[in-house]
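Heads up, the next two complexes both have subunit A, just with different partners, subunit B and then subunit C.
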Partner chain A sequence: MKALMSLGALIGVAGLLLLGGMTFDVVPSNTVRLVEGYMPIQLLLEVACFVIGFTGLSYMASAMGMALPRFWQGIGFWIFLMVYLKYRVYPPIPFSVRAMYGTVGLVTVFMWVSANEEDWNKFKQPIMNVLDAQTGMNRLLRYVYLVLIPILVGGFSFNAMMPKSEEPIELRTVHPAPPASTKVHGKTYTLQTSQNPYRVNPEGKYDQEFSNANIVEQGMGRLMKPNANPWDEKNQGYLKYVREGGEIFFQNCHFCHGDNLNGRGLHAFAFNPIPANFTDPGTIAQLQETFIFWRVSKGGIGLPNEGFPWASVMPPWEQHLTVDEIWKVVLFEYWHTGYYPRTWD
Partner chain B sequence: MMDSMTQKAGIIAAAAFGVVLVSSAGYSPVLAQGLPEGFKKGDLAPEPSAEMIEAGKRVYFTKCVWCHGVDGAGDGPGADRLWPRPRNFNQGTFKIRHTASGELPLFDAKKPTPGQNDLFETVTHGLPGSAMPPWEGILSEEQRQQVLSFVTTQLVKDRKFTDKESESQTVLQLADLKPKPATDESKKRGGELIVEKKCVECHGMEGRGDGNAFNLKDDWGFSIQPANWHKCWNFRGSRQDPYNVSNIFRTFSTGVNGTPMPSFADNTSVDERWDIANFVNSLCERDTLGNPLPIDPLTDKPKINFVIPSDMVEGEIPADLEHEAWKKAPKRYVAMGGQITHKPRNFVNRLDDIWVRSLYNDKHIVYLIEWDDRTKSVAEGKLPWAPTQVNIDIKEQDPKTGEEGSIAAQQNNYAVYNDAIGIETAVKWKELPAPIKPRYLFGTNEQYPMDIVKWEADGSLRAFKGTGWDKDFEERDNYEEAMKLLKAEWKNGRWYVMIQRPVGNKKDQDYDEDTFFEVGQYIPTVFFAWDGHNGDAGRKMAVSAFYYTFMNPPVPQETYIYPVVIAVGVVLLEGWVLTRRSNRKKGKTL
Partner chain C sequence: MGLLAGKRIFSIVALCMMVGLLLLPVVVALPSLAIGEETHAGDAAKKDGDKVEKGRDVYYKTEGIVSGAPAPKTTDGVKDYPRYNFESRVLLWFANQQHLYYGSFVLAVPIFCMIIEFMGVVTKDKALAKRYDQLAYDFIKISLTAYSLTAILGGILIFTFLTLYPSFFSYLSGIFRPVMHIYALMFVAESGTLYIYYYGWDKMREGFLKWIHLSMSVVLNVIGTLLMFLANSWIGFMMSPAGVDEQGRYLGNIWHVIHTALWNPLNLHRILGNMAFGGGVVAAYAAYKFLASKTDEDRAHYDWMGYIAMALGVAFLIPLPFAGYWLMREVYAYRQQMGITLMGGLLAWLFIIQATMIGILFLCTNYYLWQAMGRMRGAEKYQRYIKYLVFLLACGFVVFITPHTMVMTPAELKAMGGQQHPVLGNFGVMSAKNGGINVIITTTVLSFVWYMRGNKVSTVSWAKFGNIFMGVFFACAYFNIIFLAVYGYYIPANVRVGLSVPQVATTLSCLFFMFALNSFMMKGAKQMGAIEWGKISARSQYALIMLATAFTWMMALMGYIRSSVRLFWHVNEIMRDNSPWAYTHTVGFAANMISANVLFFWITILFVFWLGSLTAKKVPVESKAGIPGSVPQPAPSH
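So, the complex of A and B:
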């Protein structure tokens, strides 16, 4: 038990040192890098490490007779929480959300320290000691607090009242409701009934099963199925069109949506809203193929107001591509991400 | 003076180019006279297993083939619209290495160790500033090694990574060389050395890559630009760690194969190289305190703040860059992407950021815009279209042209137009319910127009009204007379342009076509930039996202009064708590 706990304590100390070092730039802030795609699981693992660390630390401290008073445990935990949320979690959490987490954290800490009468007394004892000022140290502390608290409160309110400029928060609907039909190059397409004319088997028949069997495999890397190389000259039907769609994608779309269709293209850094990440399960995987056809054809300028048509740089592709080319690109995007388009039934 | 500089630079570059050509033909001049300082002899890595190669083929044909092509000749479907073009693997010429000039890079299919596997690091971190993305987090470590096994054995055709007869490895021992502290003295010596070693002849007097922007070609015959030392996040070899001085040291020690950038290992000592690296590193953009800019890990570019604050000044707004007010004014990084929404799309924008500062007084607001442009471009003669014309005859790059017609081959062969900068602000922005704005590209329609102010390198400063991406601009009544160009100067690869315009009032300006600036309000602002030597004109340009101009209000008096009142209140509260506690205690003990 002791060995286990000391290991925990070691993890805790190492973790705290590392986090503190990265926060205050003592060690480079990318010492433990967050890798795109693994961030949530990385953060969960980290938090688990800290839980183990804290358990170990408090056990070791009490075993050595240096147990930290409940009062400081509570405060320390809350400070750790705030620092972690502010400096570690990426992308950054807005202040309002952090304030909410902070409040919840504070309530939790209070519930923990006031679970029973005895704990509560232990918790408030240090506060009472300072108020009563029976010892020299406490007296000194009392005067320090007397001066410090008004100064801090005054300073914070001054800071809060100084005029500031922060980017206004604007909420955009990423997938607005589609129209019933859309007219592209003079032909009307009903979204409910239209089909991708290139989702066909080698005999040229519309065949969802065939195409779904030939998309890339899910899992690390999302690689093509070993016997389904779109660059194979002998391909007929689906895979041939995937390749043609890929060629169009890499002549037109990758500049924003990126070589891996993750929205990290060459120009992406300059734009806001950022280009869609097709590998995210929340984009094309949630949508019908005809919805994508409508979005690609009409582009940003064709969005309803809740989609911010004024800010999107997505081209209305009907200005650049033929209907056939658009269908092929859509085909390629589903192939390359390994997702199936949603269907109406 | 300038002419002779350029001429000299041309000769040097040609000579350097020659050296690289010879060395890449398999002859390594370094070895003849023993090893340069900081290098050690290394061994060739063993050949990767057949399974690795086969597995790598699958990765290659899923991810890489689209740009690098079926035979690895850098001629995939995406290649003709890219500059720099995707690497042609066939010659075995790789740029970012730890090995001596002309040698193959380090690659060991069994060792994905940083510092010992150049190709693995390139695939992992990508090549910033080019279309090659970082593959970390997308491909597993093993998959990255597999695809490299395929590329180095099957697609590198002119050389062989395992051939002891023709290949050697002379490896820079970067892990053993401790960086020299970046003291003022070291940087000063570095600053002298870059002149002595003639770095400035290509990289420019201020290191903005403007020294010899026209004459440099790579091994494949395409135009290539010297690096701009002020944008370290665009260094190809930055390994997603742009302010790390070791990367500069490495590039300087090994040179960049296939380009005019030679290795300086033979004519500089390790100590001198650290001085140079420290100096070059110190030039990269930093904040006002001299700290590195925060880099966004999602884009590997500086983090963006979409608010452009404007500070108030009393009296005239100074036109002098060195003035205290400008030095204090916050400087904002504005990211620029190619205009790729409507024809003619700008796939290669040579301007990828601008820096904006702003000041205002009771009558005017001034924008100070600075941006790096390697070439000062002014069109010769009269332009074939009117200033208001938006739909002009500029062709966009065809998707499939072959190498000769590709966008890379077009570089420096464009008809030269004017460098230009545009500030576009929403008209009647106050009437629009947030977040609605006129469309970023020249407004939505007559109802939601944009106020466009455009400066061109021929010295003109014009004001237009934009009513849609394909509508020609409309002239504005008397706004041009009310504006003033305080400064427009190109120096050592950087433009400094200062534009003064009225904040707007109903008496002198037209509410229906001019933007009225108001203190404490967020005014939607978009920036455009044109590089004349890139053939930019009309819609072929670089654009930013929506930013906000925000005129900082003067601090109201209450800001100073209320906090004091609150503090006094807290003191009273403290007194109350203390008295209560001590009364209670007394009561208890009694």
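So, the complex of A and C:
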């Protein structure tokens, strides 16, 4: 048990040193990198390692007779969480999300320190000591708090009420609900039931399985499957249309959406927000092909009311491309990102 | 003997009457239904010179004879939308929500009574049986006052519809004419059954008569549930109409109108929701009484009452997210844009608030259970591991509430380099959220298992093996849930949706297998100490109050979401809302309105509780081991 706790303490110390170093730029901020594709679970595992580390540290400190009071353990853990979210995760997390996580952190710290009567008494002891003010130091602290707390509350209130010149917060709907049907080049498409006519096997029959089996591998490499190279002239059906879609993409779309379809094209940073990142699992991977067909056809100007503030400069591509070309581009986007379009079967 | 036989006959007659009342609406309605339809269709045929017009069902795609008028095309004015000088919709919202709160409460409480009365009947401990019986009686007494309020609020709701939305209500009642009559008759049946059940309590206290009385509670609940199903058919029709053609004309098949695409998922979700809500309200009542108690005996009683109500409520809370998942799946299947509006579009932020409320419910439950371990000696061995449960809950909660669409300033948006955060964006999609909620529920199950074995040590010969097996089972469950959540990113969406099945199965396996195994292991277990009812921290009672408040807030929120997903339609894609209020409220306004509804409900329900306490009668309960109000002993209620 002692050996395990020692190991835990070692992890805790190493983790804290690394985090501190990365926060104050003593060690490079990419010393421990967030690995693409594993970032979310890596984040949770890292916090779990810190929890194990803190448990070990707490155990060792107690064994050495230098136990940290429960009050400071609680406060310390919450501060650690805030520092971790602010300085470890990149790109920076918006304040609204950090505020949510911070509140959850505060609630869970409270649940931990008050889970049983003994811990709760330990936690509130320093607060009670200051309130009771039996010693000179506590009496002094009580006076300090008496002055400091109203000033802090007043300061926060003033800050909250003060008119600001910052741009207002936007609650933008990234994926507004599509219409039931859309009319492109004179033909009406029902979004719930329409299908991409080019998702076909070499025999020319609609085949979702075939196309799914021939998309690129997901992950950093984005490797093509063996014998599934769209630029092989011999390939017919799905892969042929992917090639044609790719040609259209690189003639029209890649300037903004980027060579890797990650929204970082040549002109991307002229816009805010930058164009959609198709490699993110929160974009086309969550949507039906018909949704993309509608968005490409109608562009930013065709967004419905709930898409306010319509922060999209995408042109309505129906004015420049044929219906077939739009379907082929959509096909290429799914192929290249390695995602499957959403289906309802 | 003669008196007993007389009572038996009386009881059987009463039960038969209830069954008769239950069947009455159906029997009365059937011929009128048939005649009504024929006459209507016949009239239509006469007008058209014997030419029968046919229409195509918008949902079932079947053909039927047009038997009703088309949905009215309303215009903004006093004819279709008479009004006061403020938004009519808000008045309707308020009346509807209050009626729903009380309706849910009076439907849930009799189910509790049935369960508690049954527990009292089957338990061998006579003192405990009496205590259960008294508890069930207290519940039904409270529900009786609430029942009157439900009826009053129902009347207010109908008047509000009739006076502020006459065209819409006229259309809806035209379609649902027979259903509304059956509903009214069912309400009569419900009232009659409830009164017989309540006033017959004392007369049917013992033996065979008690079983008859218990059967009455079953009849009462069957009627109540059917009532709710009928009311659900109206909202189901408004969301996903069926049985009418594109113009909204009734096609003569009432079953199609009732049995719409969302009716069954709504039914299931509402039953579970009502039960969880009812449990929460009763638990909050017990918590309030506990905090106000002056004697140890009272504290012990209300502590026990709060525990029972919480356990019943949580038993229905656990499957609730799965029922909700089914409902959303059906919504997506019915109309993609409706699903996206709900979970990815306009109303997505309300869903994040909903996720937060669900998380709070489970956090409160776990916290209460950890506090409850404090009243049993021997539970200390589990308490030092609570911090790890807190960590698991926090991780599940954080993932569950991470929004897909983040609120940010344009500067933050630019710093983030796009709308999607490459790390946290992954938590914003369904695959991760399924993992999050299943981790939370599994941890709640683990807390329950710890609570159940808190003051006991298993004495079975295979205890060591059993403990290791349970530990490994839970570890595998966590691994499986998290693995499937991650794996969901690498497979097609239709397969990913299917992954929720093994995730749910894993969680439910923990619930059923681990509870069963734990019960076997704890049979004849060595008691480490007694459960000292009443000796629980005040914080636990605040957790119960928080639980109930979160339930009420969430109910109002989800009601608003379900209703506003129709956007500018009274009846989706059939009857357009042309009033000046056919827009979606801001999140802030909706939250304020929800809070006002919650506040009003709690103020009025306190009044109901107060009324209940005016007629409270003290029933002397003989002291016996294991029940509150007596010498503290291990809880037999596990």
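Just so we're on the same page, the second predicted complex is superposed on the first by the 239 of 345 C-alpha atoms of A that agree within 3 Å, B and C clash if a C-alpha of one lies under 4 Å from a C-alpha of the other, contacts with A are read in each partner's own complex, and residues count from 1 in each chain.
Note that in this section contacts are C-beta pairs under 8 Å (C-beta built on N, C-alpha and C of every residue); 3 or more make two chains touch, one makes a residue touch a chain.
Here the structure is a predicted model, which means the values were calculated and not measured.
Trainee: Pick one for A:P178: touches subunit B only (first), subunit C only (second), both, or neither.
Mentor: second
Trainee: Figure out whether A:L34 sits in contact with subunit B (first) or subunit C (second), or with both, or with neither.
Mentor: In the superposition, A:L34 touches subunit B and subunit C alike.
Trainee: Would you sort A:V51 into first (subunit B), second (subunit C), both or neither based on which partner it touches?
Mentor: Only subunit C; A:V51 stays clear of subunit B.
Trainee: Scan A:E166 for contacts with subunit B and subunit C and give back first, second, both or neither.
Mentor: both
Trainee: Answer with first, second, both or neither: which of subunit B and subunit C does A:G105 touch in the superposed model?
Mentor: second
Trainee: By the touch definition at the top of the document, which applies to A:M224: first (subunit B), second (subunit C), both, or neither?
Mentor: Once the two structures are laid over each other on A, A:M224 reaches subunit B alone.
Trainee: Now for A:P91: first (subunit B), second (subunit C), both, or neither, which partner does it touch?
Mentor: In the superposition, A:P91 touches subunit B and subunit C alike.
Trainee: Could you tell me if A:M64 is touching subunit B, subunit C, both of them or neither one (first, second, both, neither)?
Mentor: Touch partners of A:M64: none, neither subunit B nor subunit C.
Trainee: Given the touch rule stated above, what does A:G155 touch, subunit B (first), subunit C (second), both, or neither?
Mentor: First partner only, subunit B.
Trainee: Could you pull out which residues of subunit A sit against subunit B in one structure and against subunit C in the other?
Mentor: Of subunit A, residues 34, 36, 91, 166-168, 170, 264, 272 contact subunit B in one complex and subunit C in the other.
Trainee: Quick check: in the complex, which residue numbers of subunit C touch subunit A?
Mentor: Touch residues, subunit C against subunit A: 332-333, 335-338, 340-341, 344-346, 348-349, 356, 363, 366-367, 370-371, 373-374, 380, 383, 386-388, 390-391, 393-395, 397-399, 401-429, 432, 482, 486, 489-494, 537, 539, 573, 584, 587.
Trainee: Which stretch or stretches of subunit B touch subunit A in the complex?
Mentor: Residues 58-59, 61-63, 65-67, 70, 76-78, 80-81, 130-133, 135-140, 143, 241, 296-301, 304-307, 309, 335-338, 340-343, 345, 347, 349, 352, 399-400, 434-440, 444, 469, 520, 522, 543-546, 548, 550, 552-553, 555-556, 558-560, 562-564, 566-568, 570-571, 574, 577-578, 581-582, 585 of subunit B touch subunit A in their complex.
Trainee: Flag every residue of subunit A that touches subunit B in the complex, lowest number first.
Mentor: 30, 34-38, 90-91, 128, 131-132, 146, 149-151, 153-155, 157-158, 161-163, 165-168, 170, 216, 220-224, 226, 229-231, 246-252, 254-256, 258-260, 262, 264-272, 299-301, 305, 308-311, 313-316, 319-320, 336
Trainee: Name, in rising order, each residue of subunit A that touches subunit C in their complex.
Mentor: Within the complex, subunit A touches subunit C at residues 34, 36, 39-41, 43-44, 47-48, 51, 55, 89, 91-97, 100-101, 104-105, 107-108, 111-112, 114-117, 120, 166-180, 191-192, 212, 218, 263-264, 272-274, 276-277, 280-283, 285-286, 288, 291, 306, 340-345.
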